[in-house]
């Protein structure tokens, strides 16, 4: 008889543990293993055609993310900067022209060929994510720092070379933020939260 | 220990049992054990033949399902508006089938109808297996069966819930609960018998029964607890069974289609369910009685009672059926009336008339004692009744789709593809396969309850004679 | 939906720096979050208005039919996704028909020809452009000695600078053999119109009419400029609501929208019209509109006689005449079913005579504005031109034949041995986007850019208001490396023929740009040449306000013969009316899946041919829907499923044109049958044009039966449900309604 | 936590009947008017729908089985009753029929997983990801305007390079999910996005559906009914049709507006204007 009582108890405990363990998944899934560059990265290392140093541009130089990713404020996609934008600066920066990565850049420019960057934050095709809305809300309306705003989803890119996915980007993760009461702006204490309607994000 | 005698020995042992004779009150309890356990012995070749046939049928159903799964539901020749086809019709049929077990074991248990005792076990098994079959149809008919768990209400990282307004969610919940409960009920009622099996079995079987019999020793305390628990589950199961088919009925009654949007649907469905279940019990009764030589336990008076019960239910069903027609006919809903007329005169008219004939006229065979005493006729009648009940479900679904509100999508000739038929037939294979396995693993007649019955009867006789 | 900024299209395409092949299937490929799998679309040096993820609209002109509608193409990430109407265009008015939208499927068609084909050992085999051009140069280049009738250029309806270029090319051979063949040509009607109204294609001012009486004119469906007509029709239906009466043997889309529809025997339209004329002329007010001899001759057209011949109830004639008198101005139109007869021109003249009697000229009928560039206007196709070409080929006179935009092997009537005659031509070149039946018989097949990849200009023969030249510009980079623009190929040859004139033009783009900017003074533009050009590209049209001209009517040309009943050949008891679907037309669009799957408006049948038969006739012959019938004429027979169609004169059967292709790609091949092949060699007495509606047939049941593939369900009636409610015109107060027609 | 979320929003999960002035304070309520007197049945709208919404061409065989995927279909009737007349004297009766975006949609109630639900804009959404393909919505739709992906169309409907035409703003649906007219929600979302950035409401005429845009006779009017100055709102008001009423109490005579199957209390968002015929003709 004891065996059965124990078994029942064990089963009940297992169930409870499962429910408790499930909780972390609600807010974004398990964190991946520690990587060499010190990130709790969720995505794999993506080898890009040019190992673009975000840390130099956004970190050391402190360039606004939207200087290059200029479409983020006016389109659903933030876009890769156009090649002539890279050239606009690098034509004038003599000091780094000999560096191999810059040479690669010049090679693409001369061929008039777009750099075949690979997508790092590639949402499923049925998702209608809109950069513009998020930038408008938090950067322009709320006036938060751009690195923070972009970082909500992209992590601290300014400390990476090529970008790496560090956030879950899963539906539960999105909703966990949409459910929060976000203050309208630094001075306005009114709060609002993200849309909860399926069709806002699903197409 | 189960002794292994040749088939020829069994033949010799066949005792003559007069047709009208009820269960022998003098029968030795050891004899009961022996007779019942004998049915669990090594199967005869015919068993394997039938089992293989069932397996093949089931295999074909699986093949059809795999094909449909990979290619898409288009292979079933479903279309707009014929979106459901045979799958839902057969689903309701199997759900209906499941109601008889509960009726016999729970309702009649509470009503102290002791004649149920030799036959309730297999009826309950039938309940469980037909529910398992019905559950398959829910999955088979889904467009994206791999996402079926979206129907289940569970906390998840997407923060989403099923739509609690939808009868399909009620369905999923009710059927899940009903299946669980009936498995528990079936198992619970078997524990004393499993202990008997444990005591006679050897080897692996002994271990198996040891595990399942939960340490049953037959002490007074165990019996007392057992009875309370059994009654509790029975009480729980009755409203559940009624609600399950009511909920299946709400799948239709809650929706807005002509011919479906009828308040009498829940009782109508419950009656239909009990009806087809009872008919199936007659079928299995005759088969088991013949195959396992249970003439002494599954006696003709029991069959007689079952048939009378079936007849009563058939009349209730007929009444509710007529109510349905009448409420549509005299109602204000012109569309529903049009659909009713379409059923009687349109493309599906032969099936509709056949359904009415089989469901309401054929059961009158059960009204005659001479018929009830003839096993062959009863076998045929019970099968016909079930065919009628299947047609009833088919008649609820297809004509409404073929002739609904919207004339543009009225279909002129819709017929299910071989894939649909394959899966429907496969479900019968699956059911009989499960049932055949059950017969060889578990006692199909409740030994302890037969003993009780015999005991109570002889006690009662004694009391009368005193 | 507004237009784009100024842009040099060619630069734009070059700097996009992306290939067209980077499109992904949404939803079906990627269903999870991925990293490092897909490439990002990025640009090298795009225009400022190009924003990834945002569609950009470019103006162009639709080349699907001759109407020349202005369209807007939605381009995203270098791919053309969808065509919309161009609001700048007078012709389209910002709207677009099904046919026009399907142009993207011409472009993306999986059966497009992507490399040149050359006949080697009796078979067409892929080859390179170098080889193809070498062959072409050898035969038709500077060294060519062909002259005059030895070379012919067969096209469909072509206009604008492409037409001018073809003319110039043929000029260099001293040839005038630009043969325009249009299987659905309205040459007969145009001739009659020219005679009676003084204009081959007068302006129809439908919106100004209060009553339209149409004899089989399908202006809403397969007529001329249907998008423009539809917009006019919408205004016609607003308060004060005009009334449309349609008289025809087989209901057209226009007939399906009529207030009153009359079925009459094919070919008797003229008789009916004269009956109406007779009824009208009995009233003194009209007496002076026609010469006395005609009035006298009309005496025989009393309503009983007319009714006896036409099969229309006798009361209909005074009734319609009364309606015509009650409602002014009115508009009387003739259509293919009246014109495609042996007395077609006579019929059309009799119909148009009603306009003269009713004084509609100048009110609802006007002459088109005079065009500053008449050489660019599409020339009307005719059957006569094709017969001439056929004879020239058969006699061995024609030595080289170029074909573009025409598929006579499919669309010429079966009795014309065009394919056989073609065999006698030693050098046949087809310029196509996709191989069709005619191209398959050629020696050299050159793959063209789709109209969405090429520059061009379109000048419709029907200019609804003022003058409009439609500019066609590439909406995306070429999909295939080995296709070329039609203009470029012809220009290449011209450069060899006349180097000194054409050396200045590196390509057709340069030619077109110069031609357009040269025309700048005509359009009184104050912009610089480049700005003018860019402005034209941006708006997609060049427009010139010009007043419509007056019509000079002439009633005396109408011949009023004695009313006679049709003599029925008992072997062929049924009239045969080929119907034209607004989308498939003569079959050149049967390769477009959207159009194949788009249910025919009246029968809702898809992907197939069918034989329409009146339900009462079908009941007599015990024919059910789906029974396979053999339709046999003196010239041949075809088999198709029967469809019971109430909009039909009961002695008539009808079949749609456009299906029955054998070598036109996966979407067209094997779908239905080609009724062109059973037309009888009957011609209009006056113009010599093919009488397409004059064939008579016999119907035989084959005993076979097949399921009809159609959208319609088991019923074609509303079954008492209020789905399409109809209200009598005098019950509806349209004048009070908020107008919501986009003017 | 989702459980608390569920409990908190329990009341909002209940199905409510639409009520008067429901959208009075809302920004958007998309609605449509189709003038059947202007509709000529020319199929321009249906083709536009194919182009805009990535509808698969199913082919002859599937079409013959009734598996067509036209979100917008044009029906053609020959009569109102049950008897076919000798001739269609007053022409055919064309009816463009698409999802009516019911305010009290029968499909929404029965979907077990909530894949179809009501958006704040008054649209009847269809979320393909959530759909498990029970087809209950289609079974319960009185208009039968829901279309199911019976086959894996992405594999067969767009042979290369036809797939390059696909609209990236719209998903290509896989087998086993239901789909239907969305009122071109991708266009609405884009327009709303632009308007929001500009800090305003979408102006009338700024956005329209593909069908309305193409329609050569402008028979289809689309717009925001929450904006009382929009064309649609004006027409609805002029026709004296109340969105939240199942029996219209019209004060004036001669009005043509009606909704199909209004008596079923689905409260459709599509208003049809009666076809007019000159009965004297």
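Letters A, B, C and D name the chains as they come in the text, with residue numbers starting at 1 for each one.
By definition in this document, a residue touches a chain if its C-beta (ideal position, glycine included) is under 8 Å from a C-beta of that chain, and two chains touch if they have at least 3 such contacts.
In this text the structure is predicted, and so the values were computed from the model without any measurement.
When every chain is reduced to the mean of its CA atoms, the largest separation from chain D belongs to B. In this view the innermost chain, defined by its CA centroid being closest to the centroid of all protein CA atoms, is D. Across A-B and C-D, the chain pair carrying more C-beta contacts is C-D. Each chain gets a centre from the mean of its Cα atoms; for chain A and chain B, those two points are 55 Å apart. Chain C and chain D have Cα centroids separated by 32 Å.
Remark: chain B and chain C have CA centroids separated by 66 Å (rounded to whole angstrom). One inter-chain figure worth recording: chain B and chain D are separated by 43 Å, centre to centre, where each centre is the mean of the chain's CA atoms. Within chain A, the positions touching two or more other chains are listed as 26, 74, 76, 125-126, 170, 179, 203.
Annotation for chain C: residues touching 2 or more other chains are 24-28, 712, 717-721, 723. Within chain B, the positions touching two or more other chains are listed as 155-156, 159, 405-406, 408-409, 411. Taken pairwise by the contact criterion, the protein chains are fully connected, each one touching every other.
Here chain B touches chain D in the complex through residues 71-74, 77-84, 141-145, 147-148, 150-151, 155-156, 159-169, 171-172, 251, 254-257, 401, 404-406, 408-409, 411, 414, going by the rule given at the top. Note for the complex: chain B touches chain C at residues 334, 338, 402-403, 405-412. Interface residues of chain C, counted against chain D in their complex, comprise 1, 20-21, 23-28, 76-77, 79-85, 94-98, 101-102, 104-105, 108-110, 220-221, 226-227, 230-231, 233-234, 237, 241, 243-246, 251, 253-261, 263, 323, 479, 582-583, 593-599, 601-602, 604, 606-608, 615-616, 646-647, 666, 671, 707-709, 711-712, 716-734, 736-738, 740-742. Taken in their complex, chain D has these residues touching chain C: 33, 35-38, 40-44, 46-48, 50-52, 54, 57-60, 63-64, 68, 70, 73-95, 128, 154, 158-168, 170-174, 210, 213-219, 221, 231, 234-235, 238-239, 252-256, 258, 260-261, 272-281. On chain A, the positions that touch chain B within their shared complex are 1, 4, 19, 22, 25-29, 170-173, 175-176, 179.
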